[in-house]
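Presented sequentially are two complexes of chain A, the first with chain B as partner and the second with chain C.
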Partner chain A sequence: MPVSAPEPRSPLVQALKPGRHGAVGARQVTLRAYRRSLVQLQARKGRAADLATAVRQGLGLALPPPGRAETSPTLAAIWIQPSAWLLCAPYLAEGDLARSVRAAVGSAGAVVDQTHGKSVLRLSGPTARAVLETGCRIDLHPRAFAPGQAAATPVGHIDCILRQLDNAPSYELIVASTLAEAFVDWLLHAAAAYGCEVLPPD
Partner chain B sequence: MHRIDCPWCGVRDEIEFAYRGDATVKRPEAGAGVDAFYAYVYERGNPRGWHIEWWHHAAGCRQWIKVLRHTLTHEIRATAKAGDTVTAPKP
Partner chain C sequence: MSHRLASGGRLDRTRRLRFTFDGRSYVGHAGDTLASALMANGVRLVGRSFKYHRPRGILTAGPDEPSALVELRAGARREANMPMPVVELFDGLEAQSQNRWPSLAFDILSVNSLLSRFLPAGFYYKTFMWPAAFWEKVYEPLIRRSAGLGWAAKEADPDHYETRHAHCDVLVAGSGAAGLAAARIAAEAGARVILCEQDFELGGGLLLDPALEDWRAATVAALARQSEVTLLPRTTVFGYYDSNVLGAVERVADHLAEPPEHQPRQRYWTIRAREVVLATGAHERLIAFPGNDRPGVVLAGAALSYLRRFAVAPGKRAVVFTNNDEAYDTALALREAGVEIAAIADVRPAAVRADEARRAGIDVRSGSVVTGVGGGRDVERVTVARRNGADGESLAADLLCVSGGHSPAIELASQSRTPLDWSDAIAGFVPGQPVQRQRSAGAARGIFGVAEAASDGATAGRAAVAALGLGKTEAIALPPAVARAGTPSEPFWEVKASGKAFVDLQHDVTTEDIRLAHREGYAHIEHAKRYTTHAMATDQGKTGGLVGAAVLAEARGESIAAVGMPTYRPYASPVSFGVIAGHAVGKNFAPVRRTALHAWHVRHGARFMEAGMWMRPAYYPQPGEEKDAWLSVLREARAVRRAVGICDVSTLGKIDVQGKDAGVFLDRLYTNTFSTLPIGRARYGLMLREDGIVFDDGTTSRLADDHFFMTTTTANAARVLEHMEYHAQTVWPELDVQFCAVTDHWASMSAAGPKARLALAKAVQGLDLANAAFPFMAVGDAQVAGCPVRVFRISFSGELAYEVATPAGFAEPVWEAIMAAGAEHGITPYGVEALGLLRIEKGHVAGAELGGHTTARDLGLERMLKKNGDYVGRVLAGRPGLVAPERPRLVGLRPVDPKARLRAGSHLVAAVGDGQSLGWVTSAMPSVELDCWIGLGMLSGGEAWHDKRLFAAFPLYDEYVEVAVTHPHHVDHENARVRA
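Our next item is the complex of A and B:
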């Protein structure tokens, strides 16, 4: 009898209750969990140029240089280490993104499904930067960090892939699913002074 | 607290890195004998001055990088990718 892989169930379904947390007022941030398919893509030795071409032709995206993210309407690619990127797309079905990326890159890259391994959150609002600054050691001031930039760095003592999405400002935060509950616990405390509206998961 | 300029990520706090020792030791040839391998694995200088070191950017890009650090003043004068050459100033 065929056994299908379980659907990715974010630990945040239990931990992140929709509603208002902390202070009430105009300075509040919004926080939302996103259901995403994630894969790590790494160039095979000596195949970085082939991989870039394959991704551009097959997935319609330019692989970004260090410190940056590149997006198309359906896909985001975040640089995470030399010759390696995290690809992120709306979740449609188990293994969907890994299958399409494998088909696009062939032997030029190694594809590892991270859909269950990592959880995706967005923090948004005029005070979002102030909230993150209480636990993030890189400079998020607009002169140093802007939409399209990304960094792997600890936030609230938990390793995080951080990406700025827009000038609201909105930040995407990707953490290990095993630490997502602890991360959200920290984030809600960090945001309590401004208030945080938790939206239902996407 | 050091601020280390990762060649991949830019300037980051020391807390993101793990110190990985002397970056100048070279593995001996396969037939070099027990004494040469003992020295390679266990024996290290403890210089007062410039030191070329491995630092692992464990909480960032996960790459090993070379760092030229002064062991007395803690000044970091240069950083480089693992395959690049770093030269220590004359003491």
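Our next item is the complex of A and C:
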């Protein structure tokens, strides 16, 4: 007798208790975990152009060049390495995103489900950049980094895919799930001087 | 008796700060340093020197201080060797003098001073050479007791330290006239500017002249208004590295008793700058003469600082000894503050300023030098004589202000690989043509005078802006130039008279030591430095480094330019270990990696062990087992052998491999073949390094024609992925293969034991686990508790076993469902310890055998080497040394006495006392099946020893255990159980 799958559990739900952390004041940042479906998409040998076409036609999104992310109302694509992207969408049902991407790209790309392998966070607020500067080597100043840009870089000694979302500024931070708790430990500590409001997971 | 002037200075006299020095209480003001506050309280003897334990006072007013070093704070916050002039006074500060016993005034080891004839440069090397056995027991403790300065705290540092990465268009180091002007120009042009100043006030030399205060304040305010300018007082730039990366330390809370909540004590800045302006100023030089280290000897510029900035008179009656005009400013300021000037000894035969001073009624002795200092622990008399030694006169004085000229602070420029050029005009080294995108400005390149430095700084700022392509720069207000007749300084380094003349006060290096080094063949500046330890102390020879080089140059009969300076390296100023470690201490030393089942393990009392970054359950103690971990480990292993156990194996590396050439790719990576593997089957694979040594092993399954799922050992997961990337990108770029790590996406658990099928069959839906339908090495998709799972019939323990993988978010419900299904069979969670025990019983190799020194043949895995087709490591694995028959091969080992313990690391020898090792024990554990210790080992001759006896020798415990050599498979040699 088939049983329906329970809600998958994110390590961030354990690690990230909603509420206020650190200092109190106007300079605080907000931090929130996001439930997302993620797939890694890689072009088959010599099929990069076919893949781009298939994604544009099937998923309504242009695959971004290095260092950038593209978004549609339902999907984001982040360049992560040569001929490879991370696709990110709200979590609906287990395996759905991977199935639909597979259907869209056919033999032009390799699709790997990473929904459980990576955890998605969002850090937002005027001091978000200052918080990240304590552990991130790349230049996030508005003159150097803007919404739509993305980078794969260590943050607080943990490999991270970092994407700027808006000019608040808000940054999406994607880390390996087995390091998510360690990452949150670090991030909350880094934000303590400004104060951090953890919002309930999205 | 207070030496505080009635008015002036940059102090907040309304704020009184209490502090103690050597247990005595004093009061200073906000704006004081520890040095200025002690000086204001009349304290002059503040420390004992390193080698001779000579009395020492305060020589400088900045980070160039060689002598006035203290232990600051108490308890866990105690810090040694803090230079008093950079210690900002705070209420409740505690400081202790260093290097004295039993007290500062009466110091027993000052007897060293009398023995100094026997303590020349290099005396360690000469005296402590023989007998060798004395080193550890006598010499080293003796040196450690008498050398060294302060003592660090033994407790853990309670404060937090932070790191910060910054980027800017222009980094300006130093906030004197040059630095402020450069920063202002760059800021007005719209550049992102970081201005670092080691002092707690911005302004450098501007702080000493009230007439310049308006310009200083206006410029600082203009900078503060710019949103793209970061002003960092209390921040020392200590290192200049490649690619315009600079290191700096911000002393965020050093001026407070304790850091405020959530604030670090110090912050380590890594600054990546497009352009750099070094406006680091200059260091005033000492002059070497007998007694130049006595408390009461103060550099002339420092004396001016104490007068003007801190409103302290450093003495009552002063002699000024100089080779330049600037010291006259000090003399006049001293007189204005009510300090009597006994005489000015100017080495130059004539000077305009000398004539002016004489007209003002000061006794100026041109062509004269100081030949000696009288007094015990303090300056009481100063002897002034002609340069030829004639007409010596002893003058009563309690203060001797010395200036040997100014050396540009070239440390950072030199670290950036800028060559150093000799300047005759200032008798010092100045930065030459920059190598990186940087320029020096103001006194840092020998441009002295406030107006001149400011103008030079503005020029440097404009050059930086032009290099950035930021366009036009605005004109800014600069301090007015003051035209004044002067006389060039005369290079002057040493007064040759009887007595110790120091070139390095902190390391007690004298002019004679330098000459001794030269006589003994250490004539190169780098050799002389190391032989004498000149300029190797925490102050890095800022006041006397060039003086030592000059003494060496004279001994060599060459110019100082030819002798040069020792290489400058980071750190330009001392940096605490705490700030280097930053946040990465204690539990934050490295990130902790947790499996999706971590919380379950915690709830069930697991004891964890570290495996790389991972935390893995080692075992799960049950009531009654708390005192003896073996009870838990053996219970868990027995459950696997007799019923069923379950183990979290999520840490194994997992790699998804796709592409039409995926099979070919794996054939080349593994020594065995994967392109022939049927869909829905797994195969054990062995990988070699390019050099033919075994690299990694694991099982890889085929999910579709062009889709494989690979596993690696926990330890090698990242390395195997790298190895694959390297080969896919550079060796076989023509292959159509895509792969990525999915270790974190899948949680996996191994259910093992004779009852494993019974337990799992109840939990698994959608897959027939019957032996015929799902045989050994089968792979299939199913559900557990409604969650998707992939089941692999593979075994590490040697029992009937299934590995169940599920997307990590379902790990707990799947684990719990299997636990519930296996309850009636006694299912038992087992940890890494039991897992290790089981694999040793089974003779499976792991980290101890795959340690980067074994070949496939060594491990009895030669059948894994395919005969046809190439693979990584094939050619080099055939090297004669790797196929030599005498190489140690994997064997099993059991003590002959069933009660004897076998230890990993033991050597295998033929007889007790035999010094010839035939091999070693790689892994050992008590067996749950054989009721004795068992082990695996590498043994020369391998299977030729089967059923013969040897001794496992463990010399640390003087143990010899007689062992029987067996096949490595201690249990189930026929491998029947995994197929049951």
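Quick note on the criterion: the second predicted complex is superposed on the first by the 194 of 202 C-alpha atoms of A that agree within 3 Å, B and C clash if a C-alpha of one lies under 4 Å from a C-alpha of the other, contacts with A are read in each partner's own complex, and residues count from 1 in each chain.
Just so it is clear, a residue touches a chain if its C-beta (ideal position, glycine included) is under 8 Å from a C-beta of that chain, and two chains touch if they have at least 3 such contacts.
Please read all numbers here as calculations on a predicted model, not as lab measurements.
K.L.:
Which holds for A:151: it touches chain B only (first), chain C only (second), both, or neither?
P.N.:
After superposition on chain A, A:151 lies in contact with chain B alone.
K.L.:
With both complexes overlaid on chain A, does A:66 touch chain B (first), chain C (second), both or neither?
P.N.:
first
K.L.:
Who contacts more of chain A, chain B or chain C?
P.N.:
C
K.L.:
In the superposed arrangement, which partner chain does A:74 touch: chain B (first), chain C (second), both, or neither?
P.N.:
Neither partner.
K.L.:
Where does A:137 make contact in the superposed view: on chain B (first), on chain C (second), on both, or on neither?
P.N.:
It touches chain B and chain C both.
K.L.:
Which residues of chain A are in contact with chain B in one complex and with chain C in the other?
P.N.:
Touching chain B in the first complex and chain C in the second, residues 137 of chain A appear in both lists.
K.L.:
Residues of chain C touching chain A in their complex?
P.N.:
162-167, 192, 261-263, 270, 272, 583-584, 588, 590-596, 599, 613-614, 650, 656, 658-661, 734-738, 740-747, 765, 783, 785-788, 807-813
K.L.:
Once bound in the complex, which stretches of chain A touch chain B?
P.N.:
For this pair, the touching residues of chain A are 66-67, 80-82, 137-138, 151-154, 159.
K.L.:
Going by the contact rule set out above, which residues of chain B touch chain A in the complex?
P.N.:
8-10, 12-13, 15-16, 59-63
K.L.:
Can you list the chain A residues touching chain C in their complex?
P.N.:
That would be residues 2-11, 14, 22-23, 40, 42-46, 84, 94-95, 110, 112-118, 133-137, 139, 141, 143-144, 156-158, 176-179, 181-183, 185-186, 189-190, 192-193 of chain A.
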